[in-house]
Amino acid sequence: MAKRAKSVRPAKPVSAVPAEPSGPVDCFPNRHPDRDYEIKIVAPEFTAVCPRTGQPDFATLTLTYTPDKHCLELKSFKLYLQSYRNRGIFHEHATNAILDDLVRSCRPRRMTLTGAFNARGGISTTVTATYPAPRGS
Amino acid sequence: MAKRAKSVRPAKPVSAVPAEPSGPVDCFPNRHPDRDYEIKIVAPEFTAVCPRTGQPDFATLTLTYTPDKHCLELKSFKLYLQSYRNRGIFHEHATNAILDDLVRSCRPRRMTLTGAFNARGGISTTVTATYPAPRGS
Amino acid sequence: MAKRAKSVRPAKPVSAVPAEPSGPVDCFPNRHPDRDYEIKIVAPEFTAVCPRTGQPDFATLTLTYTPDKHCLELKSFKLYLQSYRNRGIFHEHATNAILDDLVRSCRPRRMTLTGAFNARGGISTTVTATYPAPRGS
Amino acid sequence: MAKRAKSVRPAKPVSAVPAEPSGPVDCFPNRHPDRDYEIKIVAPEFTAVCPRTGQPDFATLTLTYTPDKHCLELKSFKLYLQSYRNRGIFHEHATNAILDDLVRSCRPRRMTLTGAFNARGGISTTVTATYPAPRGS
Amino acid sequence: MAKRAKSVRPAKPVSAVPAEPSGPVDCFPNRHPDRDYEIKIVAPEFTAVCPRTGQPDFATLTLTYTPDKHCLELKSFKLYLQSYRNRGIFHEHATNAILDDLVRSCRPRRMTLTGAFNARGGISTTVTATYPAPRGS
Amino acid sequence: MAKRAKSVRPAKPVSAVPAEPSGPVDCFPNRHPDRDYEIKIVAPEFTAVCPRTGQPDFATLTLTYTPDKHCLELKSFKLYLQSYRNRGIFHEHATNAILDDLVRSCRPRRMTLTGAFNARGGISTTVTATYPAPRGS
Amino acid sequence: MAKRAKSVRPAKPVSAVPAEPSGPVDCFPNRHPDRDYEIKIVAPEFTAVCPRTGQPDFATLTLTYTPDKHCLELKSFKLYLQSYRNRGIFHEHATNAILDDLVRSCRPRRMTLTGAFNARGGISTTVTATYPAPRGS
Amino acid sequence: MAKRAKSVRPAKPVSAVPAEPSGPVDCFPNRHPDRDYEIKIVAPEFTAVCPRTGQPDFATLTLTYTPDKHCLELKSFKLYLQSYRNRGIFHEHATNAILDDLVRSCRPRRMTLTGAFNARGGISTTVTATYPAPRGS
Amino acid sequence: MAKRAKSVRPAKPVSAVPAEPSGPVDCFPNRHPDRDYEIKIVAPEFTAVCPRTGQPDFATLTLTYTPDKHCLELKSFKLYLQSYRNRGIFHEHATNAILDDLVRSCRPRRMTLTGAFNARGGISTTVTATYPAPRGS
Amino acid sequence: MAKRAKSVRPAKPVSAVPAEPSGPVDCFPNRHPDRDYEIKIVAPEFTAVCPRTGQPDFATLTLTYTPDKHCLELKSFKLYLQSYRNRGIFHEHATNAILDDLVRSCRPRRMTLTGAFNARGGISTTVTATYPAPRGS
């Protein structure tokens, strides 16, 4: 398994990330960069469209991050989430893609995103992705 | 105890598992295999039949896994669970057998299945099995 | 403290325990002995009699164990608990004595029993005992 | 005790404590001293008087301990708590003083006391003290 | 620790902190300085003004700390929080600034402050800061 | 509307009902027929099949009735509900048909049945029918 | 229906009840007989034995009554309920019989007893009886 | 409609309604028209757009009705609600307009619609409309 | 009303009540006497002593009243309740006596007092008294 | 109604109320004046100042009304509530005064306002006022 880890994640994406924000959500300067502190944002009104059925999906997104030099601006974050309203995307992909966008936007020290999607057919799904990714086994 | 472990689990089932899915639940490719992330699926409508009494049993199944190259397809997962509707099977065996089937289906990095069965005679049972199995003491 | 541990628990009770069940609750063979998995049983209708006041006591028992070669049979477990209905026994002793009986019955790898007793005089008591006992400090 | 405080806890207060109970709450012998097990007692009807305002304070006390040779007798414990009914004492001091008294009474292996005091002026306070005290930073 | 602090966060406020209280909240002597114990204070009626919109913000503040030689006096703490009533301040800054003021006031061994702000535009924010700051990544 | 009532419910179905049980659920004699009292039975494990999709439906049935000369026997009631396990039937029809069967079985003075069906497509349905039917508007 | 009422309940049991207590629970004089007020007593630890299976049943009894000249004495009430501990009796009969005994004991102006029995076979039963009985339809 | 409003409801709108469905939601025949029974449908995933701000609104709709000759078909109902996804409409108008559409669709005997909209600016709104309208004061 | 009071409960305290406050709790003038409105006060920290056992009792008092010319002053009300702290009094008497005192203090149009006493011996009691008393049966 | 108002409460504000809005909160035209429907608004962030102690008070306001020709505009309503932020006013007066202002603002058919104020000294107060006022006793 050590082998897989070597080949698939050779350069640890963290180091490849430029230090300056370059993502779709606006930021403002973190006034307390000398302290590792945590910001949790709960957005219970996320909605997108299921690409298979064309039916709307609903989820509560929970974001937790430790800012480095920038914090996410809440209004810009809200508008970014709204851009998914009529987009077709699967649960697993939406959660990972949003995390990637947010990491690019504010370059946090750590960030975790959980998407808890409403039940369909009596079955509900929750996807949790973390940056930097925990090491595989 | 080390001795028991040697004889009973000599070849650690993990390594014996082929890399390609071969189980009863359909999958789709994981688009984010470079990141260890977690998918939780809650299925509160599982029902089977008690082999001793012939009475129906009801349970909430909670599945948590880290996908490797494949993710479980939810509709196929739902139909698979429905195949237990009229099958006679004990709590402990159902939980372990479903876990085995799901591991064979999507070859996850890690997977835990919990079956919380409704009370019978005033007593309720919850069974939790994990892959790869934690090492015995 | 190391000294006390030496004299009081010299041979770690685990090793003294015979490999075959010999307790008051019936068992059935564990079909998945190669995997360490957990079974939780909640029995909210336990009742005994307080030896001091002669008044009935009520408790919710929560049992969690990892089976080795045998699992506890639920009906036999229920009847065993009912044998306490008219017996006088203190909270602390009941929890420890039941744990001992269950360990002798199914020889688990690990087992924890919690007895949460209803309040008396505005004060409620919960006793938790574990096998094998955690090492003292 | 002041002495020990000066030298920053060099000798672990445990050893200074005599092995026999000498506190205000009666005890009974622990019948399972060979096993480290936990007893939790919740007393939601604690009341004392605020020494500053003369107004009554109310709290829920939660005690968790691992008995050594003695267990606290519940009725004696209840009467002990009632002795605070008309006594003026601050939250922080009450929690620490009661812990000290209970440690002296039953000489436990470990003990934690939490006093969750009702809100005053829209602000509520919870104090948690542990024996033996965790090491400072 | 001093070494890491120097290079990564050169002016680390921790080391600059004088041993005596010098902050805006009054204190009283801790009568149990020889024991590391925890005090939790929940203040659900915090309100300030959003500097961007001029609209009032509402939050529940949860403070947890281990006192050293001084404890925070609750009435003074309440009045201090009320001083934010008509002040314009962002969530992230309010939480960090209050923590700094409380650390300066009572010189605790450890302190954590959580500000859980009410939702705006369907999105709620919770900020958690700790002293001394956990090590950065 | 008066017209419809005349033609559809001309003779109030109650009077047409024979005094003796003739339904699919067994009964036992009511020992307190001189008192109007209420029996409520909650069956949270009802399952049938959706005739449109072939997918299983799940519901909690809540029955409330005032017995006349007979009470429903619980085991027979349970087996009767299980007879729907593999039957295709709509929510509205299932609730009304079960009520009819239970009325025929025990000839109650009053009876209400509520079927609270699990959500499908994010929408849940609850059907409530009463005997004798309340008068239309 | 008027006919049935005539033959089954000809003499309305209320009037036959003597004015003085004559039941199994002790009473004390009501000091406020000039005011209709309500006393509610909740006894969550009722247990009896199922006459069919020999298995113990558990219920929460909720009694609400308006005293006339006497109030039920709580300790005597508790001992009375304990007399059912090893008695075989059905849910419906237990609730009605206890109500009768309590009415005879304290001659209330109004009294309602609800017995909420724990689930058996996934189905729970609640029986509610009232004195004086409401008039049938 | 303006006309009827002028004359203060002289002709009770019910009589003006044609007996046959003519609204946007499909129906199926009610198989139990001789009984007044109630159907409750909860749709927690309603979303529309605020016409003032252009921001999305979210609400839980709860519909309760007594069918006459037709019942609402759930899938058609779901698609109808989805047609509001990108439409700008106020809370009060949405609730009344949907009620009107549903009444026209299935001609119920009675119908109530409640729209519980998520909070905006810390203030939440719930609108409840009923058909036929209760008489004004 | 005077007529019924004369024959059924000859001395009905209501009519004897003078129009001006004369009870132990201070009042302030009601500024909205032209409107019947309701004030509810919840006091969860009531404590007295059981006259039989000498043990403390605890209760939550809930007062609801419609003021006439005077409203109860909250601080005076709190001090009045504290006067029961060390007084021996039964549940039923305490509730009725406090109601009488409060009626005398503020001469309300209507008043209801509920005392919900903590469980003793596993049984809890709630007493509810109303002024003016509802008509007896 | 005017008649009753004249004799019992001579100056009954209701009759004096002009048909057109004249209060401090803006309105918009009700598009469904022909139907009596209900609007409920919950504002959990109300805060004012206690005129006696100078300390801030906090309350959740719940408004329920049936509009006539006008509905309250939410943003204007929010700003109106904020005007109390630094005003000294008692609970009872605030609730009645706000109700009066809202009635003058939108001339509703019916309106009820409940102010649930946070506890002070362990005692919480809820005031409920209704327009038009219910008849006095």
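Note that the chains are named A, B, C, D, E, F, G, H, I and J in the order they appear, and that numbering of residues resets to 1 at the start of each chain.
Here, a residue touches a chain if its C-beta (ideal position, glycine included) is under 8 Å from a C-beta of that chain, and two chains touch if they have at least 3 such contacts.
A quick note: this is a predicted structure, and the numbers were derived from the prediction, not measured.
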Next item on the list: Determine the set of chains touching chain B that also touch chain I.
Entry: C, G
Checklist line | Minimum number of chain-to-chain touching steps separating chain C from chain I | finding: 1
Margin query: Which option, D-J, B-F or A-B, should count as the same interface as C-I once over half of the contact pairs match?
Written below: D-J
Checklist line | Interface residue identity across copies chain A, chain B - same or different by half | finding: different
Next item on the list: Could you give the separation in Å between the centres of chain D and chain H, each centre being the mean of its C-alpha atoms?
Entry: 60
Note to self: Can you compute the centre-to-centre distance for chain A and chain C, using the mean CA position of each chain? Integer Å is fine.
What the structure shows: 45
Next item on the list: Starting from the mean Cα coordinates of chain E and chain J, work out the distance between those two points in Å.
Entry: 38
Checklist line | chain H residues counted as touching two or more neighbouring chains | finding: 44-45, 55, 58, 118-122
Next item on the list: Check the chains against each other and report every pair that touches.
Entry: A-B, A-E, A-F, A-H, B-C, B-F, B-G, C-D, C-G, C-I, D-E, D-I, D-J, E-H, E-J, F-G, F-H, G-I, H-J, I-J
Next item on the list: Please name which positions on chain F make contact with chain B in the complex.
Entry: 44-45, 47, 55-56, 58, 82, 85-86, 118
Margin query: Under the stated contact criterion, what part of chain B meets chain C in this complex?
Written below: 8-9, 13, 92-93, 95-96, 119-130, 133-137
Margin query: Please output the residues of chain F touching chain A within their complex, sorted ascending.
Written below: 55, 58, 118-122
Next item on the list: Name, in rising order, each residue of chain H that touches chain F in their complex.
Entry: 30-45, 67, 71, 74-75, 77-78, 109-110
